[in-house]
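Letters A, B, C and D mark the chains as written, and numbering starts fresh at 1 in each.
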Amino acid sequence: MKKNLFVFLLMTALLASSVYAGGSQEAGSDSGEQFHIGIVTGTVSQSEDDLRGAERLIQEYGSVADGGMIQHVTYPDNFMQEMETTMSQIVGLADDPMMKAIVVNQAIPGTTEAFRRVREKRSDILLIAGEAHEDPATIESAADLAINNDFVARGYLIIDTAKKLGVDTFVHISFPRHMSYETLARRRAIFEAAATDMGMKFVFETAPDPTSDVGVAGAQQFILEKVPAWIDKYGQNTAFFCTNDAHTEPLLKQLIEYGGYFVEADLPSPLMGYPGALGIDLSAEQGDFPAILKKVEATIKEKGGAGRFGTWAYSYGYTTTAGLGQHAMNVIKGESELLKMSDLMKAYAKFTPGAEWNGSFYTDAGTGVRADNHILIYQDTYIMGKGYMGTPEVEVPEKYFTVK
Amino acid sequence: MSQNAPLLEMRNVTKDFFGNVVLKDVSFSIERGEILGLVGENGAGKTTLMKILFGMTVIQDTGGYGGEILLEGKPVSYKSPLEALDDGIGMVHQEFSLLPGFTATENILLNRESTNYNFMTELFGDRMRTLDRAEMKTRAEKAIEKVGVKLDENTPVSEMPVGHKQFTEIARELEKENVKLLVLDEPTAVLTESEAEILLKSMRKLSEEGIAIIFISHRLQEIIEITDKTLVLRDGRIIQETPTDQTDIEEIAQAMVGREIHAEGDRAEVRTFNAPHLIVNNLWVDMPGETVRNISLEINKGEIFGIGGLAGQGKLGIPNGIMGLYPAGGEVRIDGKTIPLNNPREALDASMAFVSEDRRDVGLLLDEPIDWNISFTGMQMQKRFLKPVLGGLFRLRDDKAIEDIANHYIEALEIKCMSPRQKAKELSGGNQQKVCLAKAFVVEPDILFVSEPTRGIDVGAKKIVLDTLKEYNREKGTTIIIISSELEELRSISDRIAIVDEGRISGILPASEPSKAFGLLMLGKVDSKGDSK
Amino acid sequence: MKKPDRKSVIFFLESNAVPILFLIIISIGVPYSGFSVDYLVQEIIIRLSRNSFLVLSLLVPIMAGMGLNFGMVLGAMAGQIGLIFVTNWNIVGLQGIGLAMILSIPLSILLGWMSGKILNMAKGREMVTGFILAFFMNGVYQLVVLYGMGSIIPIGNPSMVLSRGYGIRNTVNLINIRQTLDSLIPLKIGNIQIPVATFMVIALVCLFIVWFRKTKLGQDMRAIGQDMHVAESAGINVERTRIIAIIISTVLAGFGMILYLQNIGTLNTYNSHEQVGMFSIAALLVGGASVNKGKISHAFLGVTLFHLMFVISPMAGKNLIGQAQLGEYFRVFVSYGVISIALVLYAYRKLKEKERAGTALAEAQEEK
Amino acid sequence: MNPLQKVVEKTGWPRLIIGLFLLSLFIIAPFAGVKISTSLNDTLVRFGMNGILVLAMVPMIHSGCGLNFGLPLGIIAGLLGGTLSMQLGATGPMSFFIAILLATPFAVIFGWGYGALLNRVKGGEMMIATYVGFSSVAFMCIMWLLLPYNNPTMIWGYGGTGLRTTISVEGYYLHALSDFLAIRIGDFVFPTGMILFVLLLNFLVWVFMRTRTGTAMTAVGSNPVFAKASGVNIDRTRTISVILSTWLGAIGILVYQQSFGFIQLYMGPFYMAFPAVAAILIGGASVNKASILNVLIGAFLFQGILTMTPSVMNSLIQTDMSEVIRIIVSNGMIIYALTRVKKGAK
């Protein structure tokens, strides 16, 4: 007992002294740039695109360690269990006096509270959440700006695109935990309404949750097994959609082999699922989305998937990290307004030459409240072998905005 | 009426385990304040008698007992030891029933703690009462005082010397308010002489206070010294019941052993040997409870050498140390070649084998079948019972050979079992012992250590085991070292017998010497105080 | 006083190997992480106030010899259900926390009784059983909260229910009770805020544990923890007492979860409870507790060391390697690696102690 | 009556009930619109995929090291073998055998180190194994990024360095075993090669358990003191068992991948131990006793339930609730098996 106490004291002393060392080290790099921007993304294994977006920013503006502007950190892979780590990672960024903005993409659970804490400490820091996982109302209460993919409009548009491709059945694959996400549950409801309205059959299929006892492998195995049965049951003209990234890869693999359509992923990207599922060699195209898309498209065509598979031309995760970082920078420099849609689009457009964007502010279906700091965005759908579908120009009928 | 009735009376108590009679018509009584000495060889039925008294579940599970027990004139029949405790009968077991991390006080008052009221008891009942440490301390002190020893009531049991543990156990029994009868099962076996002295004194004091005591001991000296009445059990019968002041050690020993008369016939013919085989010099072994301090022995080729002595004196440490199962030091030589200690493999390679006294933990793979148990050491040490597969590419267990050897020994040793594939844990103690012997025989050792081969097995099995050993010795010329607490057993089979006392040899005598001579060696008649400190 | 010879120095190192190991790692990690003193101290204080209660809830079953209670997750679920109701009824502040605690008690007792029963049936396999029990109860919890609430159990607050009409949303905003306890008695030393009231509650539970050890029930549990057989032969009802130990632990875990979440401020409806089991246990182990021995000091030391490591290691890892994409992996590697080493060291120390006792005996005999 | 009782006793009630439950799922399946042929096929495939991973539990259980929660370590060895084989440019079924060859030295080294560690913590193996598994997975995450792999089908598409989370083994060892002698009857494909391979390895382990070392292993697990007294080197025997378990883990994951079609790196191995542990426990093994029969029964029942419950439940109850029901039912079954295992035995 006493010895423990002694060690404890010793440790505190050492800690204090070493912190001094750390402090002085930090002071050296103070001069130089005017401000820092903190970027929080998943790890490469969790969400590659998000992380690449941060690297893109670092490439342009330099990392703080090298005297640049971008401070990039990652949240844990098993973020569902380690909320505390996420929080301290985000709050830790505010420890830097030069920090002016924090962008979290994806804004996983814990972001709201972390933002609250940052705000208590440093009210001057701009807090932006990309692809919020937490409930919209919750994240809106803490973030200056929250972004989600437009799960409302896409609820209609994906069905609409599928219809245009000649699909007659729409299969939505998910599991209970995801259906507890307001964003995902609502999109599912819109899918169903739109499909019914367009005379399409809507089917809800359950797959095991990768975070449950079966693990990622078990969940993927289930998809591998079931897709042929589903195609068999619902026919070749069936489009599939799944809410979980882990499910996407085996789904794509089987769809190419057995037939069926895949309009776009939950978080679309040419890199989402395709390279892994098809074993595509992208070494020559690295870092170049148009080239990557071309290569993926070529591979799909070669395997007979032309006109059946779609994505967004530019990765949603990548552009969101980079775009929000750019937007924050523009706002701090006074070149943009934080909550102005066109300014936001301007920042996004920088990284997506040639692709159309659209979006709207979020209105909660339960409470009917329209948020002024929560923007939903989407990019034009790109069908391989067909090209852009022009979704931003398609008008979403008003009724779908109120579907619960 | 209860005033005149004896405190405890047993009438014609009979007990058999599946037809094997262990107690027959046992009747005796004990008065208040009387000290009854209960003596008998291991397996004479003492323990079973006490189990019956306490209503241990094992008795009911095996079909109950015959006869009746009266406490203060009222017939009683306990269903569990707790009921016996409620009636004021306490027992101190040979194996300590203490919590090592608890202090003496906590152990003495286990589940009978003094408690104080607090408001939480209203909500959650009496178990939320807080312990009254001060009161507990005084109660414990009082109990310790009753025993008559100096004992720090705040010492955790794990840090106590073995004697103090014993006193703690006794104090726990005495602390019970209504204790009328106390059973002490070999309480002095683990005590030093001076500690034993203290214990005897406190026993006397207790008897003066009117508490009756049943005192079980192998130390006949103590029996003579303290008891009012001596009861000798042999083979489940009462052989002798006399007031102690009318008998002496020799008479008791005679009654205890009994078989001397016909055992004489069994006595090994006098053989002489002159080829030293195993030589042990200055051996020490750190075996808990059986510490060997300094032992030197010279054992001849083809001899059966007995090692006897009281429990806890170190006789068991000798084979365990030589076989490398416990840390040991000193020198062991076989035919002039030094055998490294502390490595079982070396000992086995030197063609020694060991039948452990601890059948369950060391001797057997309880969860495995008999044939495995018998063949395992042979397979590991001598690569037997393996058959080449794929032209000798590798070798597999030869189940046929294993079964054959098992069947051979099942027949030879009369192992009662359903098949060689029966699990060892399903066998009776005697048959388990035979399996252990078979395991040792299989490796055909030059030197065989057999430790307590007859402990806890019935008379019939005993005979088979001993006969087998003797036969094996005669046929194969194997040197056998047999360690046993039962002197007569040693005498019936051995050529020479060494008696171990306090970790040292107190004497080596030919087996033909009268048992009295050995008894005196055992009872510490050799003055060992001089070199013990 | 003997002068400290080599042996005693080694002994000291051996018996304090784990804290020393942490000391080294932290003293390397802190400069690399580049965090300020204020931040680190603040972070440790927050984490102590947030996690200590949960870790302390593990102590009672250890006392009863039941090992680490992986079933504490069940208590956390009970606490969460309490919070969901409180948020639904819009009960603000301390009353909210209090009511949530009261609501959690009957649930915790029920769940604790159940897991106690199951663990009694699976003696010797408690750990695996605890794991699976947590998976199983997770399913039941989802059934109740995701399908039962809003349909069978009325939930009036539309911002909590999914717009489809039933099921609680994946996040519940606990703004009503957020940090009400932490900021009840405001105390600021320099830039560091200290949640006095929370620490008072934690002190209270420490007092409870100290007091509980002194009760008859506590004594019985300690007895069972040492030797079930001896305890039984002394007339203690072993099975029942073991169940009570688990129930107490579950109830405390429920309270702990409520304290944890009032600090976190948002409830991650379907995952928050998963966070507590593994990490509380790891913290306690790092603090020096083992499957059969746990003290209050272990809990605090463990929380401090474990969380300090978790706070600094991502940044330290990132700065050490220079790539953000590696920082997180480095953290997980170091954290779990250190826990493994800590456990090995503790096991090794126990072995050494045994050996030392043995050699002492042998030496004494050699001398004779 | 008597022979029936004997069968029941031998299989054990838990397995019988789970088996009946599985059977009832198969019977209900056609009525719920699930094809029996595909379900049976899926169950068989999964049995083959997981059979060896479950088998990897056996040696360590035998030697008394408890359940192998450190299975990720073996899996990592397998991953290294698989990725190296692809990196070296081996293709087709050949790459599968090269992968096994390459994985072996890693498995031996890892197993040896892991065994040495476990020998220091006798009695606390399972807790430590869990954490060792975690940290080794995280360590390999770093390695996957840093090791100089450059086979373009394996590395990150955008970044150009480091391995992807998911690597397709198409063109390499995809179905290297499954397609070998596969029998096709309509929808039903019997993956002969894979099943044979699984049975072969099970047989080999069964054979190994009957060698001298294998026998010693069982004795060490059953009663270490007995084994020591019989001259067995306990630490060495335990280490061998750990190495064997680790190696089986490595082979197991390769067999898994050849059927699955993907190599999963990074956090992939993290949760692989749990299903294997659950399967062998359902199969009737306990923490210190396991047989090949336990492996086969356990793998079949556990994977059968995993395959059948979601599809049947989902077709029966047309809501997303079926997944919750599946979790409750399958874990409830495991708890049931766990609380019954040792009844009767003393």
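Just so it is clear, contacts are C-beta pairs under 8 Å (C-beta built on N, C-alpha and C of every residue); 3 or more make two chains touch, one makes a residue touch a chain.
What you are looking at is a predicted structure, and each value in this text was computed from that prediction instead of being measured.
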| item | value |
| --- | --- |
| Of A-D and B-D, whichever chain pair has more C-beta contact pairs | A-D |
| Length of the line joining the C-alpha centres of chain C and chain D, rounded to whole Å | 31 |
| Whole-Å gap separating chain A and chain B, where each centre is the average of the chain's CA atoms | 73 |
| Between chain B and chain D, centroid-to-centroid distance (C-alpha), Å | 48 |
| Junction residues of chain A, two or more chains touched | 43-44, 77, 176, 179, 212-213 |
| Interface hub residues of chain D, defined as touching at least two other chains | 141, 145, 274, 278, 321, 324, 326-327, 331 |
| All pairs of touching chains, each written as two labels joined by a dash | A-C, A-D, B-C, B-D, C-D |
| Touching residues (chain side chain A, partner chain C) in the complex | 1, 3-4, 7-8, 10-11, 14-16, 18-23, 25-26, 43-44, 51, 54, 65, 72-77, 80-85, 87-89, 91-92, 95, 109-110, 112-113, 116, 133-135, 137-138, 141, 176-177, 179-182, 185-186, 189, 211-213, 364-367, 404 |
| Touching residues on chain D, where the partner in the complex is chain A | 33-35, 38, 42, 45-46, 49, 141, 145, 150, 152-153, 155-160, 162, 164-171, 256, 260-262, 264-268, 270-272, 274-275, 278, 306-307, 310-311, 314, 318-324, 326-327, 330-331 |
| Chain A partner contacts - residues on chain C that touch it in the complex | 12, 15-16, 19-20, 22-23, 26-27, 30-37, 39-40, 43, 47, 50, 132, 135, 138, 142, 146, 158-159, 161-165, 167-173, 175, 178, 264-266, 268-272, 274-275, 278-279, 288, 295, 297, 301, 304, 307-308, 310-311, 314-315, 318-319, 322, 324-325, 327-329, 331-332 |
| Contact footprint of chain D on chain C as seen in their complex | 118, 121-122, 124-125, 127-129, 131-133, 135-136, 138-140, 142-143, 146-147, 282, 285, 290-291, 321, 323, 325-326, 329-337, 339-340, 343-344, 347-348, 351 |
| Of all residues in chain D, those that touch chain B in their complex | 207, 210-212, 214-216, 218-219, 222-223, 225-226, 228-233, 289, 346 |
